[in-house]
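Think of it as A, B, C and D in the order they're written, each chain with its own count starting at 1.
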Amino acid sequence: MLIVMEAGAKPEQIEAVVRHVERMGFKAHPIPGAHRTAIGITGGRQGSADPEVLENYPGVKEVIRVSHAYKLVSREAKPDDTVVSVGGVDVGANGIVVVGGPCAVETLDQTRAIAEGIKNGGGQLFRGGAYKPRTSPYSFQGLGEKGLEILARVREEFDLPIVTEAIDNECLPLVEQYADCIQIGARNMQNFSLLKAAGRARKPVLLKRGMSATLEELLLSAEYIMAEGNYNVILCERGVRTFADHTRNTLDLSIVPAIKRISHLPVLVDPSHGTGKRNKVAPMSRASIAVGADGVLIEVHHKPEEALSDGPQAILPEVFAQIVRECDAIAQVVGRSLQPALAAS
Amino acid sequence: MLIVMEAGAKPEQIEAVVRHVERMGFKAHPIPGAHRTAIGITGGRQGSADPEVLENYPGVKEVIRVSHAYKLVSREAKPDDTVVSVGGVDVGANGIVVVGGPCAVETLDQTRAIAEGIKNGGGQLFRGGAYKPRTSPYSFQGLGEKGLEILARVREEFDLPIVTEAIDNECLPLVEQYADCIQIGARNMQNFSLLKAAGRARKPVLLKRGMSATLEELLLSAEYIMAEGNYNVILCERGVRTFADHTRNTLDLSIVPAIKRISHLPVLVDPSHGTGKRNKVAPMSRASIAVGADGVLIEVHHKPEEALSDGPQAILPEVFAQIVRECDAIAQVVGRSLQPALAAS
Amino acid sequence: MLIVMEAGAKPEQIEAVVRHVERMGFKAHPIPGAHRTAIGITGGRQGSADPEVLENYPGVKEVIRVSHAYKLVSREAKPDDTVVSVGGVDVGANGIVVVGGPCAVETLDQTRAIAEGIKNGGGQLFRGGAYKPRTSPYSFQGLGEKGLEILARVREEFDLPIVTEAIDNECLPLVEQYADCIQIGARNMQNFSLLKAAGRARKPVLLKRGMSATLEELLLSAEYIMAEGNYNVILCERGVRTFADHTRNTLDLSIVPAIKRISHLPVLVDPSHGTGKRNKVAPMSRASIAVGADGVLIEVHHKPEEALSDGPQAILPEVFAQIVRECDAIAQVVGRSLQPALAAS
Amino acid sequence: MLIVMEAGAKPEQIEAVVRHVERMGFKAHPIPGAHRTAIGITGGRQGSADPEVLENYPGVKEVIRVSHAYKLVSREAKPDDTVVSVGGVDVGANGIVVVGGPCAVETLDQTRAIAEGIKNGGGQLFRGGAYKPRTSPYSFQGLGEKGLEILARVREEFDLPIVTEAIDNECLPLVEQYADCIQIGARNMQNFSLLKAAGRARKPVLLKRGMSATLEELLLSAEYIMAEGNYNVILCERGVRTFADHTRNTLDLSIVPAIKRISHLPVLVDPSHGTGKRNKVAPMSRASIAVGADGVLIEVHHKPEEALSDGPQAILPEVFAQIVRECDAIAQVVGRSLQPALAAS
C-alpha cells in the first residue's frame, strides 16, 4: 500500500498518518519527493483493518493498493503449471483439449447424437447442462438429476468424461457424484458459499469468469476453492460485458497470457457464450489456442434450430470436427498438440 | 421479434423463414420495404424454441427481440405503485426512507452505538451484515447467527426494523426469522436458487442490482422472487462496473426513473457501495432523492477508521443526520416528505 | 511511481532496477517488506522517458503510477473556485445556471421561438449547434455560418449569451467571433489540435467529457486549453458509454464532486445527451443540482417531433420552465440559488 | 424501424401513430399480436426527421431501429473483398501483412535501426508517428515534418512503404505528401472534419476504431471517408475501454469476423496499443491472424527502455521477427500466407 500526501501536506499531517499506520500494526516508510511525500506501508497481520480508511485523513491525496490477497493460485507460490485430470483427460498439460456438447441436456437421444459427433470429431470431454441458470424464471431450467443420469450413460457409451454445472449447494452433491468436473458458471463466480462447497468436493472444478470480474477477482474466487483443499481448479474465460453490441459478450482473450503470467492454473476459453454468435465460434476458437489457452469449450447441437436454449450459438457436429482440426493445427504452431482422447474402454 | 432480411434475399428464402416461423408455432407477418423485407413475428407458446436461431437462415440479416419476458414486475400488469412494509415502515409510499447502519455487525457495543446514531439522526430502518460476501477468502466473513442476535436486540432497543443480507440458501431461514427484510446482494442477483428461496420466504426482499446487470435482468431477477409468491420486493441501485476509476462503481441514477416507468416496485439507492468514497455519499444521497428514489441505504460507523470492512465509504453518525435533513428538504421539492420513523414501543 | 518486485526477486535484480531508475534521472527509494521489496520513485525531469518500461525488468512484478500530469487545472495550484463569465453570466459562482436551446439551429423562426421559451422559462444562456458532429455522413450537419448569424440575432433580441460548438480548427475563428462560449464536444475531447486552438481563443470554452474518458483524461484535456493561456474553462459531464441500455449513455453524476475535490474549474451536466430520453431530463437535472453541479445544459425544442436531430431527448419550453423552477428549489437546499439572467438591454 | 405499442394501447393511439408516420413520409405496417400491436415502418427519404420521436407518443412502449445508415462500406453494396495497395503492398488480399515500427519517430539513427529490424524480420510496411496525439500537453508531441522526412529516407533505403498518422487537417497535406498510408487514430475516429479531408486525399487511409466505438460507428466513420471519394480504407481494431485492468485496453478480436461479415474492407489489428503490455503482443498477434485479420501493426523499438513514448508495449526487433514467423505459420492454417515484402529497388 502506498499513501500519497497532498503537495501542501504539513509535517504534522504526515506524522499523524505514520502514527496511525503503525497503530494498525503496519510499518510506515515515508518517501519525501520534490513536490510531495509518499508513505510506503509494509507488513500487517491477516484480517487487520484496511488502511484504505486513511484516504480520509487530512493531507492525504490518494491511497494506492499494491499487494494482492491471493496466495495459493499464485505462480509465486507454485512456479510449475498445474495439470488437472478430468476423468483421465489432462487439462493444462502440453496437449490442448476441446470440450463439446449441448448447452442443455434435453433427451437421451439428443445427448447421444451429439456425443457421437463430439467423439468422432476428436473432442476429449463432454459438456451439457442438467441444471441451467436462466435469466428468466419462465425459461427451461434443465432436467435435473434425470439430465445427470443421461450424461452418465453417454460417458459410459462414448468414453467421454463429463463437465456439468452445479448451480447451488443443493445440487452440488449430485453433480459431484455423477460428473467428472464440476462447472461453476459466470453468474455464480462470486457465490462464495458455492465456491466453498466446491472446495470441499472431490472432483475438479471449472470456474468461469464473471461477466464483470477483474483478473484479481477471478483469482480470488479460485482461491476460495483452493483454500478449502480442492487444488484441481480450471479457469475459463467466457466473455465480459461491455458496450460492444456485435457480440453478446466481449471475449477477452488477453486474459489468457495474463493468467499464465501470475497463476499456475490451466485456462480454457468458451467462445460459444463468449460471442453468442454461431459464425464467430470457429474463428475465436482458433484465436484461443493461438493466444495460449489450454483448450476450448464449444456448444454443439445436432439440430441447433430446435435447441431449447442458446440455439443461436450452437454449431453442428461437422463444424465441431473442423474446429478440432484447426485447433490442432494451431496448437502445432505454438509447440503443442491435441491431447489424445480416451480410448474405448 | 422482427426478422430483417438481406437486401438481396430471394423470395424463396423469405418463404422458408416464414414457413419455419409458423412451424415453431408463431405467426409471421412479412413487411416488404423499398430495399428489403422484414418479417414480424407474433404469438408463440411459453417455452417454445427461440426464434433467434433464424439468424442463421440463408438471406437473414438480423433478428431483433421486441417483447420482454417479465410479467409480474411490470406496470402493465399492475399500474399502481407497490408499497412494501418493512417491520411497519412503508417503502415506496409518498414518504422517503433512509436506511443506515454498518457494513458488518462487529460487536453489540458497536452496533448499539451506531443504531443510536441512526435513530437520533432520523433513520427509519437499520442495516448491517451478519453474513458478508467478501471477494477474498481471507477477509472477515461476518458473525453469522451471533450477528443476527445482535441486530434483533438493537431492533428491540431502538425500534428500528432490520435489513440484513442472506448470502445462501443455508442462512436464509435464519435471516428470515430474525430480519424484517431479506437483502440479496449484487453478487447474488442471478443466484436463481437463492431468488427462488427468497420468493418462498414470508419477509420482504431487498434486491440489489448486479454489477453488470441490465435493467431487464434486474427485473427478471425480481420476477423470480415474485413468481414464487413473494410480492414484497424492493429494488436497489448500487452502482455498475465501468472503466471510470474515480469511484469504485458508477452509480447509475437514471435507472430510477427508468424502473419507475416500467415497474411498480419501490427503488432505493445505495450511494455508499455505489461510490465507495466517503466524500461522495452525501451528494449522491441528495441526487438519489432528487431523481425520484424511494430512499437511500447508507453505511454508517461511529469509528470508520476501525471498521472491519468497507471503512473507506462509511460516514459518521453526525454526517448521517445531516444527510437525512438534506434528503428531507429535497423530498419536499419533489412533492414528497420523510417517512416517519416508528415511535418508541 | 512505485515499483513492486516479485516475492523471489534477487538482490542484484533490485539493484539493477535502482541503477536504471537513477540513470533515467529519478531517485529510487527501496522499501523492503516482509515478503517483497517495493521501490518508490521520485523526481524526474519533464519529458523524461517513462519508468513504466521497468515493468519488463527481471524480478519486477508491477509498476504503479502515482503522480498526475495535470497542474493548472488542479486545486493544489489554485485553491479557490474559478468563476467563468459567459457574456456577463457567471458560471461557477454561487448561483447555478440553466442553459437551454435546440440541438441544432434550423431556422430563424425556430430559434426565436425556442429562445423566447428559454428566456421566459428562466434560462440564462442559450445553446444551439451551427456545426453538428453527426455519426453518419448522411445526417443533417448544421447550417454553418448562417446558423451563427441566427444565434447572434437571437442573442440581441433576448439578451441570452450564446454557447455553440466548434467542430474543427476551420470553423473555430467564426465560432469565437459570434459566440460567447466555445463548446468542444465529447467526440473532440481528445482532438488536441482543436484544444490548443481553443486555448488561444479569447472566449471561454465549455469542454465536454469524452464518451470513455477518465477523470484524469478530462482534466488533461482542460490542461491543454489552459496551457495555451485560456483559463476560462468549464467542464461538462454528458454521460459515458457502458453496457447499460435503458439510456443512450450512463450519466456519471459522481464525477461532479470528484472534479470539485481536485479541480477549481466549474462543472455543468448535460442530462439531455447524457440520457437520450426525454422523460429522464427533468429528474436527472434535479439530481445534477443536488450533487453539486454549477448548472445544467438542456435541449429544448418547441416542436420536438419535427426536430432535424436528436428529437427524442428534446423537451418542450413549458417543461424547461418547470425544470428551472425545480433546479432553483434544489439549489436552495444546497445553499445556492439561481443565477439571475441578464436584464433586457 | 419498429414501433411497439403498450399492451393497453387504444385503437385511436395506434391510429395516431400510423398517421404521424405517414405524415413524415414513411409507410406504416401495423402487426396486431395477441397482447399488443407492433407497427413496422418502411421507406422514408434521406434526411427526413427521425421516427424515434414517436417514442413519446401516447401508447408507445418502445421504438426499435432496424436499418443501418452505412452504404458504401457494406458487403451488400460490394460483395467482393477490397484490396488496398499501400505503396505496392497489398492489404486485404490472401497474403497477410505485418506492419512494424516505433510509436514515435525520434531520430534518423533510431528509425533506421528499427527499420532494418523490420525489413530483416519480414515486415512489409513501416509505421512510426511524426505527429503524436498525447493525453498530456507536457508529453513529447512528435517531430512533425522533420519526422516525415526521416520516414521518407527510411522508405528509400529499405523499400518499406510508410504508414503514419495525421492528427489534424493542418498536417494532413504533409502526411499525404510523404506517407503511403494516412493513419487516423482512435481519438480522431469521430473527428468528422478530418475524416472528410482524408476522404479527399489521394492516399489510402488506415482508420483505427475509437476507444468506445461500436461496430456501426466504426463503419460510419469509414463511410465518411468513402463518401468523399476515397475508397481505399483499411480498418483497424486497437482495443476498447472496459473495466478490465490487466491490459490497458481490451482487444476485441471478435470484431474481425463481424466486420468481414458485413463489410468488404480489410481489417488489421494493433495488439501493441490494444494490450499496452509487451508480453501480450506476441500471443495477441497470433490470435489476430487466427481470427481472420488481414495483418497486424506492431510497435518495435531497438531500445524500448529509452523510447520517448509508449515504451512498455514496444518489443525488440528479434521478437518482431519471431512474431512474423508465427503469424506466417498461423496464416497457413487458415489458408493464407505471408504477403511478400517489396524487393529491394
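Here is the rule we use: a residue touches a chain if its C-beta (ideal position, glycine included) is under 8 Å from a C-beta of that chain, and two chains touch if they have at least 3 such contacts.
Note that this is a predicted model, so its numbers are computed, not measured.
With chains reduced to the mean position of their C-alpha atoms, the one farthest from chain D is B. Rounded to whole angstrom units, the spacing between the C-alpha centres of chain B and chain D is 38. Between the CA-based centres of chain C and chain D the separation comes to 26 Å, rounded to the whole angstrom. As a whole-number value, the distance joining the C-alpha centres of chain B and chain C reads 30 Å. Residue positions of chain C touching 2 or more other chains, listed in rising order: 212, 240-243, 277, 279. Taken pairwise by the contact criterion, the protein chains are fully connected, each one touching every other.
By the touch criterion stated above, chain B contacts chain D in their complex at residues 2, 4, 6-8, 27, 29, 31-36, 38, 40, 42-43, 62, 64, 66-67, 76, 241-243.
Chain A contributes residues 20, 46-47, 49-50, 52-56, 69-70, 133-140, 167-170, 187-188, 190-194, 196, 211-212, 217, 220, 223-224, 227, 240-241, 277-279, 304-309, 311-312 to its touches with chain B in the complex. Those residues of chain D whose C-beta lies close enough to touch chain A in the complex are 212, 214-215, 240, 242-247, 250-258, 261, 274-275, 277, 279-280, 283-284, 286-292, 326, 329-330, 333-334.
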